[in-house]
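In what comes next, chain A is part of two complexes: it sits with chain B in the first one and with chain C in the second one.
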Partner chain A sequence: MNLIELRGIQKYYGDYHALRGIDLDIAEGEFFSLLGPSGCGKTTLLRVVAGFEDVSSGSVMISNKDMTGVSPNKRPTNMVFQSYAIFPHLSVAQNVAFGLRKRSDLNAQARMTLVEDALDMVGLDGYGARAANALSGGQRQRVALARALVLRPKVLLLDEPLSALDKKMREQMQVELIRLQRQVGITFILVTHDQEEALVMSDRIAVMFDGEVAQIAEAEDLYRKPVSRRVAEFIGTMNFLPATVAGEKVEVAGLGHMELSDTQSMATTDGDTMAGFRPETATLLFPGQKTEGRIASGTVSEVVYYGDMTYYDVTLDGCERPVRISMRNVFGRPVLDIGAPARLAWSPGAVTLFARA
Partner chain B sequence: MLRAYVVAFLIFLYAPIALLPVFAFNSGTVIAFPLDGFTLDWFAALRTNSELHSALLNSLTVAGTTSVLSVLLGLMAARANIRYTFPGKAAAMGLVMIPLVLPEIIVATSLLVVVVQFFGWSLSLVTVVAAHVLICTPFAIAILNASFQSLDPALEEAAIDLGETRSSTFRLVTLPLIMPGIIAALLICFTISLDEFIIAFFLTGSDTTLPVYIWSLLRFPNQLPVIMALGTILVIVSILILTLAEWNRRRGIARMGGKDSGGFL
Partner chain C sequence: MQQETKRGLGLIAPPFFYAVLLMAGPLLAIVVFSFWTQDYLTVDRTPTIANYVEAFGDPIYRAIMGRTLWISGLVTLITVLLAFPVAYFVSFHVDPSRKSLWLFLITIPFWTSYLLRIFLWKVILGYNGVLNSILSYINVPLEAVGNATGILWMQEGLSAPLYSASAVVLTLSHAFAPFAILPIFVALEKIDRSLLEAARDLGETAVTAFIRVTLPLAAPGIVAALLIVFIPTVGDYVTPAQVGGPGGLMIANMIQTQFLGLNNAPMGATLAVIAMLIVTVIALATVWLARRLSGVR
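Our next item is the complex of A and B:
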């Protein structure tokens, strides 16, 4: 069952067209991400769901109820703000209890129990009496989560919640957010510009560019079958090579001929287009190594050593720009030097043909 | 060199004020050196002067009313200025702030013309309050602008998101967080109104304010030491109020965990 249904959402700020016809269904209990570069409209869309922005046209339905004209304090949504918006004049417990003020069915004891449970859930048990502005960034984040989750909203909206944290803390919070979401079973909608964060955390991801949804897919499908070159470039790294389609045959620069049906094709017409493959779908063969698959030849033009991985830039014969190949470093295998001849094992199944823009 | 300059500068600024208490405690009626002897008579004279008491009461009433009205207006203007964009905002804010730099004598004269000629109102403490609100509101706006500037808009949104209405959000979140700014604005407006002479002189009716009363005393040379005593008290009270305002403002910033971006002191 769809908890949230967005239909034909349009949003104008004066002449600026911020959202251009968004249709989106989000299921109950889903961890959904809105992913895109800054200015793509993802935060605006989140604020539309929260009720902080009204729409120019279109409808927002939550639990089959039309939310048009319903103010944020009457919606079954709660938000974790990018700045966390922890009330600095209140203690941690008072912050968490803030939304419970309107719950007249609770007595002081029940309220305190709920607050303590919420703090416990985010790993801040015993922090209730602390002043809110004496907390670290990660702790503020947890207070913001507890403050929203204590109300048991139908939807929790997270606006770039991890962007202010350092890398280590961010990775830790990613895992905790996933655990928390499974534990409470509440629908999470996460806004992020970090594709890795979206891939790690979400059940499904909507990639947005220029106020439009470019693709909605599960993480793996999004990575493996991007619908456009722009999505492919935004999610991870992809190598692009010029290609020509003629009937059932494709000619890709540097790789050679292949059957159109063997590739992941979105090109429907004959002519020039772009082919792409991910750095890890091809393998560099080392001297003497054999393969049954297809081989392209070229020259190593750059080597970047990352410890567990080595990234090679390989210029394929007949191509100007190098392609990037990532290789897991295995004990006993040599790292190729710049200028060394390279043999690239690849398969047509990993090649995506994009429709011409 | 610079040090000497600063010392000279401070002496130039404060020596006249430092003379106030010197002659306030001097038993001679002539304001000149050498000093005669120590006395508290002039302060005692203040206690029995009923005209002075009514002038003081008038001044306190005017300053109290003015500061409350100015801060109320300032709150609305500062919030509109920081939170919203609308056509003509810059022009509107500029016009509101202009009384800060207008010569007071011009403001006083034009207000007198407006009040007496156009409206035909009689002069009273009410007209003084109205004029003082005009010159105090820009100060209140300047202080409250800073308060709203350092207030994360997400805090108000968070309160609404957590179920509060706009008015309860203002009461529960906005007001406590800008309270230091409000108190500072109240105190500064109070001080400005209390000390203001020109406008009060033009617009006051039969009820005089304290500065106007002091001015009227200057016609009687033997009253000069009494003025010195009164002046001493006023200077001390002004300094106390401004210190309180600034202390309160800094405490507010510290509580919000923010950085100090300057104030009046």
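Our next item is the complex of A and C:
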């Protein structure tokens, strides 16, 4: 059953068309991410769901109730703000209890128990009496989470919640958020510009560009089967090579020819298009190494060592721009000088042909 | 570090000597004077608290002190109550690029001398003034309105609001409005707007969010405004002298009378010290109360 149904959401700011007809269904208990570059409308869409932005047209349904035009305080949604929006004049416990004031069915004792449970859940047990403005960034975020979750909303909205944290803390919080979401079973909608964060955390991801949804898919499908070149470029790294389709035959610059049916193809007509493959789907061969797969040859133009990985930029014969190949350094790595000839093994199954733009 | 300290002391020295010379020195003299007494033409330098006993015992001083606090309190209340909506409007509803223009417009009254503004109020409030002319032109039954509302100058029918405590309150409230608007505006500007959205998100209406978030966070600015208006108005001397009449005289006028008119500097000094102490107590109480109320730690 769909908990949230967005239909034909349009949003104008004066002449600026921020949301251009968004249709979206989000299931109950789902961890859903809105992913896109800044200015793509993802935060606006989240604020539409929260009720902070009116829509110019379209409808917002939450648990089969029309919420279009309903003010935020009357919606079964709660939000974790990018700035966390912790009330500086209140203690941690008062912050968490802020929304419980409306719950007239609770006495002071029950309220306190709920607050303590919520703080416990986010790992801040014993912090209740502290002043909110004496907390670190990570702790503030946890307070914001507890403050929203203590109300048991149907939907928790997270607006770039991890962007203000340092890398280590961010990775730790990603895992904690997943654990928390499984524990409480509430639908989470996460807004992020970080594709890695979206891939790690979400059940499904909607990629947005220019106020439109470009693709909705599970993380693995999104990575393996991007529907457009733009999505492919935004999610991870992809090498692009010019290609020509003629009937069942495909000719890719630098790689050679292949059967159309062997590739992941979105090209519907004959003619010039773009082929793409991920850096990890091709292998750079050690000198003298044999392989069953197909081989393309070129020249090494750059080697970047990352410890666990090495990136090789290889300019394939007949191409101008290099492609990037990533290799895990399991049994050492091919030591190649810049300018040395290189051979790489690849398979047509890893090649995606994009529809012409 | 040593060098830093020296530089710091060097920088602070001129204002420090200036402050000692022109603030602490005279203040000390006033305090010392207040324990002396006037003996016709000479000052009796035997330390005594006779002046204080008289100041607290004499009903005239008590009445004037009481009226001073009443007028200042009323001015403070009116000014801050009127200033808050202005500050709120500029902070929350004016386009950010036009805010400085608005603040600039608010300070325009300062372009004219304070005395000129007092005389303007005289023109407005006088017997043949603007206000009375308008009221009589549109045939407002002054006595009836006065009886109904309890406004004294109207009850007396033929008189005017000039030369009364009301005139002092009106003139001072107008004069101090920008002083109250600015600190409240600054406090409102500092409020992170996402806090208000968070309050809405957590179930508050626009009104309850204002009460639970905006008001407590604006409290430092409101307290600053209260004190900025209250402290100088208690000691104001020009306004009551010009528009107050006998019923609008304040403690500063009495102090002036003691020093110059009655040639009783020790008594004037005593009244000045008492006024200062009362202001100090009220100011501290206000700060303490605001901290308690807004929960700032």
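The definition used in the following text is that the second predicted complex is superposed on the first by the 353 of 357 C-alpha atoms of A that agree within 3 Å, B and C clash if a C-alpha of one lies under 4 Å from a C-alpha of the other, contacts with A are read in each partner's own complex, and residues count from 1 in each chain.
By definition in this document, a residue touches a chain if its C-beta (ideal position, glycine included) is under 8 Å from a C-beta of that chain, and two chains touch if they have at least 3 such contacts.
Bear in mind the structure is a predicted one, so any value in this text is a computation, not a measurement.
Asker: Return fit or clash for chain B versus chain C, each positioned on chain A through the superposition.
Answerer: Chain B/chain C on chain A - steric clash.
Asker: Once chain A of both complexes is superposed, is A:P88 in touch with chain B (first), chain C (second), both, or neither?
Answerer: A:P88 contacts both chain B and chain C.
Asker: Is A:N78 contacted by the first partner chain B, the second partner chain C, both or neither?
Answerer: both
Asker: Just checking: does A:L124 make contact with chain B only, chain C only, both, or neither of them? Give me first, second, both or neither.
Answerer: Neither partner.
Asker: Would you sort A:A50 into first (chain B), second (chain C), both or neither based on which partner it touches?
Answerer: both
Asker: In the overlaid three-chain picture, which partner chain does A:R147 touch, first (chain B) or second (chain C), both, or neither?
Answerer: Touch partners of A:R147: chain B and chain C.
Asker: Please indicate which partner A:K102 is in contact with in the superposed arrangement: first for chain B, second for chain C, both, or neither.
Answerer: After superposing on A, A:K102 lies in contact with both chain B and chain C.
Asker: Applying the stated clash rule to the superposed structures, which of 151-159, 205-213 or 277-285 from chain C runs into chain B?
Answerer: The segment of chain C occupying space taken by chain B is 205-213.
Asker: After overlaying the two complexes on chain A, where does the chain B footprint on chain A coincide with the chain C footprint?
Answerer: 50, 52, 71-73, 77-79, 81-83, 85, 87-89, 98-99, 101-102, 147-148, 151.
Asker: Okay, in this complex, where on chain A does chain B touch?
Answerer: Within the complex, chain A touches chain B at residues 50, 52, 71-73, 77-79, 81-85, 87-89, 98-99, 101-102, 133, 147-148, 151.
Asker: Which of the residues in chain B come into contact with chain A in the complex?
Answerer: 152, 154-155, 157-165, 172-173, 176-177, 255-257
Asker: Show which residues of chain A lie in contact with chain C when the two form their complex.
Answerer: Residue positions touching the partner: 50, 52, 71-73, 77-79, 81-83, 85, 87-91, 94, 98-99, 101-102, 131, 147-148, 151.
Asker: Taking the complex as given, what residues does chain C use to touch chain A?
Answerer: 192, 194-195, 197-205, 212-213, 216-217, 294-297
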